[in-house]
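Chain nomenclature is as follows: A, B, C, D and E, assigned in order of appearance, with residue numbering initiated at 1 for each chain independently.
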Amino acid sequence: MRPLGDSPLVRNDKTLVLAHDHGLEHGPKQFSGVEERLDPREVFEMATHDAVTALAVGKGLAETYYPSYEDDVNLLAKLNGGSDLWMGDPYSPQNWSVDYAAELGADAIGYTIYPGVNRETDMFEDFRPVQENARDHDLPIAMWSYPRGQAIKEHRSPSTIAYAARIGLELGADFTKVKYPRDKEAMAHAVRSAADNRVLLSGGSKTSDRDFLELVEDCMDVGVSGLAVGRNVWQRDDPYDILDKLEGVIFEDATADDVL
Amino acid sequence: MRPLGDSPLVRNDKTLVLAHDHGLEHGPKQFSGVEERLDPREVFEMATHDAVTALAVGKGLAETYYPSYEDDVNLLAKLNGGSDLWMGDPYSPQNWSVDYAAELGADAIGYTIYPGVNRETDMFEDFRPVQENARDHDLPIAMWSYPRGQAIKEHRSPSTIAYAARIGLELGADFTKVKYPRDKEAMAHAVRSAADNRVLLSGGSKTSDRDFLELVEDCMDVGVSGLAVGRNVWQRDDPYDILDKLEGVIFEDATADDVL
Amino acid sequence: MRPLGDSPLVRNDKTLVLAHDHGLEHGPKQFSGVEERLDPREVFEMATHDAVTALAVGKGLAETYYPSYEDDVNLLAKLNGGSDLWMGDPYSPQNWSVDYAAELGADAIGYTIYPGVNRETDMFEDFRPVQENARDHDLPIAMWSYPRGQAIKEHRSPSTIAYAARIGLELGADFTKVKYPRDKEAMAHAVRSAADNRVLLSGGSKTSDRDFLELVEDCMDVGVSGLAVGRNVWQRDDPYDILDKLEGVIFEDATADDVL
Amino acid sequence: MRPLGDSPLVRNDKTLVLAHDHGLEHGPKQFSGVEERLDPREVFEMATHDAVTALAVGKGLAETYYPSYEDDVNLLAKLNGGSDLWMGDPYSPQNWSVDYAAELGADAIGYTIYPGVNRETDMFEDFRPVQENARDHDLPIAMWSYPRGQAIKEHRSPSTIAYAARIGLELGADFTKVKYPRDKEAMAHAVRSAADNRVLLSGGSKTSDRDFLELVEDCMDVGVSGLAVGRNVWQRDDPYDILDKLEGVIFEDATADDVL
Amino acid sequence: MRPLGDSPLVRNDKTLVLAHDHGLEHGPKQFSGVEERLDPREVFEMATHDAVTALAVGKGLAETYYPSYEDDVNLLAKLNGGSDLWMGDPYSPQNWSVDYAAELGADAIGYTIYPGVNRETDMFEDFRPVQENARDHDLPIAMWSYPRGQAIKEHRSPSTIAYAARIGLELGADFTKVKYPRDKEAMAHAVRSAADNRVLLSGGSKTSDRDFLELVEDCMDVGVSGLAVGRNVWQRDDPYDILDKLEGVIFEDATADDVL
């Protein structure tokens, strides 16, 4: 088994990734109400919070801003991503090579796979050299595993999420980010399906502090390794407050009630 | 002729591959009733049984667990495979390079080909560098040869299975795994069609001990070189018991009656 | 952040690119009324005007004429472009490699992306090695970012242009050329969406001096870094006159009224 | 002009290729009535007959059996071929690289082209590196040139066969195997169309000794360089007898009547 | 500007290319009435005529016959071309690499582009490395520029031919072969559109001596650099006579009347 305990993405065996690829994937409309965060420095600053073990961004943000933050932030290089102007079958183009990510000082690699889509076979084959090249550079690999396509009737059904988590293990990821499969037992099953692969909860769209923190608490209870969260942090009025609370629930065994 | 007698996959001129790529190809639902085997250590342990000459797994399982078992298990690196969420024409994407498999210590290479499918020509061309690169590393090659597609009226007809076995020989495999063509004489014809290529019976879905062992006995009688089996071992309540019995039938010339 | 202040494309923190890829993209009909400019020397001469910080041309023009102008003109190598005889989905083929552009002495790289088109994923993936190879050669990168395709109802809507500008930042351009989004506030939003990426106004088709200069003034007011202009210069009877005026508005804080 | 006179494929300026790729292209059903020849040793033995200047087989047969015959048989490495289970447009995937063929000791390269098919352009482009790589290794090149596709009304019309032969010359083959264009004068025209390229008659399906030998005699009369024959030899009860007779007609100027 | 004056393709600033790729592009039917010229030596002999500055042939003819003529003939390596058996959208596959052409002693490279076809973007991208590799070998590049496809209503309209000529300049050719746009003024416009790129008249199908020579004279009058001609030479009963006359009109400022 690959040792990840001393990886920069893991603290006390837990992980909190702050994800910020929304400018590419969804565009400036995502910054409605928090326009000042169109300046990526705002989000890089959040990533210096102790709770954040890595910041996931694409190439452009990384090469422009990461040099100023490399002492305080761990970089998870999100290699692929497309715009939501695109109407084609789900597929995520690779915009960044592993070699260049490593040269910029990335601490880990992130890659989206959509199992079940028409181009599943392309996506799996795209992932092969990414994964193997990351190993050459000794970089841990996080897979965003989001089943889609004709065969997927429910994106969050227990069996779909368990399969998503398993695919991360089978294809050679170290972390697999999945959506919440509606209930705690289903998440426990996904965690078991992933075996030694670490499951990260996908933060999803913005909800109330209580709903969000209770969800995270439930996940941590059943063995999830942590969280990859974007909008639930940087779209909030006070992202530092929610990061303080997440730190309690993820790294310090606190309950949602404790921190609220 | 290539000498395989001293290959780690062959003992007494016979072979038993324990296959465990089901987590990728079919997902966690395959572990219903044997959930504890979602932990791949359970199956790696089975592979330490004397009857097993190699364990066939994909990249993720191999890099996570094989380092702990490399003294006790021979690794057959299963290079390609897709999820069953995918609804496209049959095709199996390559998730693992030969070079990386060799670096991890693989003892042999496994690759699925679907002769007759719309992308047959792609699959043949994908196989070319895999086969030749395996030769560079001196790794034996096992082909999973499963004809499918418009022209195949019956997947298990004698002529289809004989053709499947021959394709293994023609394209440069050392072992070719085929399904059982309904009767013993048809299997004998497939073995003759494969000439010096070794035919392995595909274990198929779980059946009773007697049915399964008699099938294996029939195959061994007509010159099949052994078995590549997954579900008929690791889905059983007692996988070690069936491995004991298979050891008798495959390596020790015992009949099904003898071992039952 | 990458320092561009000392880039040959930037003077007083501002940029004026003279673009001349129309012979390829639209053909000789664009030279109607100014036929003598079918001779590229005419346009290379214009590019020696002090106001012009770079000339954007394709490979053929560059290798034929740039050697005679390399002391007086900065070359922005426009790498991709197609003919308007083509009736397919929007896509721009790459006609020039970064390495060869660098060998010819290019000072920067230009590349067109059409976010939202059917081949968006191809275009993003085409851009990856171009962008990374340009970094290897230390060449700044200008993206022509023109959303098109089924999802784009209005090419110049504020949200589309803001997204176009953001994509330049996210994919690793240094300059992003966008169309004018109808009003000044929308352009300000696009500039904020691009963060440290520099936004260039696309000059568009020929208009009156006043209309054109007022448009440029409005853009400079809200933080646009300059202009990439073709037809509004080289299709004019007196291109040197409009360049004099643009120099005032872009580099010397003059208003349109001042220079008219 | 390339000198082929001292090529192992040519004796007395004539050539007889024994072709045995039928196990891949058509499957074991081709061996009906001569089942013992499913063992490729049987056919390698035939290739030791003095009349045979080369044996054309695919990679798998070559690497398994050629090492035992390399002193007695010249190897024509047939690089591409597909199964007849495939229902797609005619195309022949490449299963063997020139480099590996050379490493195994091949004396010549064989490649199938289907001029006129939907993927003609792919096939021509596939052939380019094969042809050039064969030149690097100093290996003569034999093209199987079989026009097919929408434009081909009659596969064996004189103009089609003449074009097939010419394409071999134009694309850089040394030998071009074509079907018989119904009459002797048409074959003479094909030979003239091929100029210095050597035309080989494609043996076709099994016929009577007399029909077959008279056909060969007619071809030799009009300048054909020899024969590439499979089924008309190895499907016969006595393949050595027909080889004796072919030796007379091809290499010793005998008539069909002489040898019968 | 690239100096071509001392190129082997140019004499007195003029060029006459004898083109002979018809055996591939149209087949042996093109030799009806001049069957002896199926032997390429006949056409290589014509190319030794003083009027011919280069012979354009494909790889097979070049490697078979050029070694015997390399002292007397300049070789223009025609890299791409398909058969007319093909019914697909216009596209021309590349059958010859620049490196191998250079190794055979080519003096220039020829490449066909069909602007406007469905695969225009592929053709432009195919041309990129060809053009750049030719530069590495210091070989001049001739483009056959023939617009086709849905948008082309008239292949020989003045605007289409002017665009064709411009594309040669823009993509980096040195010579661009275009069809005659119906009248002299239109050809003059095409020449101006090509700027320093040299325009060659495409000879077209066989016509009378007078018609052909007057056409050439008209073209030379308006600045065309010469002719690329095939059928109007090698399909003639006396090709040497027409070459004598072309020499006068192209290289010696003679009129058609003068030489007739």
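Simple rule for what comes next: a contact is a pair of C-beta atoms (placed from the backbone, for glycine too) under 8 Å apart; a residue touches a chain by one contact, two chains touch by 3 or more.
The structure displayed is predicted, hence computed values, not measured ones.
Visitor: Hey, what chains does subunit A share as contacts with subunit B?
Guide: Under the touch definition, subunit A and subunit B have no mutual neighbours whatsoever.
Visitor: Tell me, which chains sit next to both subunit C and subunit E?
Guide: Under the touch definition, subunit C and subunit E have no mutual neighbours whatsoever.
Visitor: Give me the fewest steps it takes to get from subunit B to subunit C if each step has to go to a chain it touches.
Guide: 2
Visitor: If you average the CA atoms of subunit A and of subunit C, how many Å lie between those two points?
Guide: Between these chains, centre-to-centre, one finds 36 Å.
Visitor: Any idea how many Å lie between the Cα centroids of subunit A and subunit D?
Guide: 57
Visitor: Using the touch definition from the top, which residues of subunit D touch two or more other chains?
Guide: Correct list: empty.
Visitor: Answer with line, ring, star, complete or other to describe the graph linking chains that touch.
Guide: Shape = ring; chains linked end to end, path closes on itself.
Visitor: Could you list the chains in ring order, beginning with subunit A and heading to subunit C next?
Guide: A, C, E, D, B
Visitor: Under the stated contact criterion, what part of subunit B meets subunit A in this complex?
Guide: 21, 23-24, 27-29, 31, 35, 38-40, 58-61, 63-65, 67-68, 81-88, 91-97, 100
Visitor: List the residues on subunit B that touch subunit D in their complex, please.
Guide: 1-2, 115-118, 120-122, 124-125, 127-129, 131-132, 135, 147, 149-152, 159-160, 162-163, 166-173, 189, 192-193, 195-197
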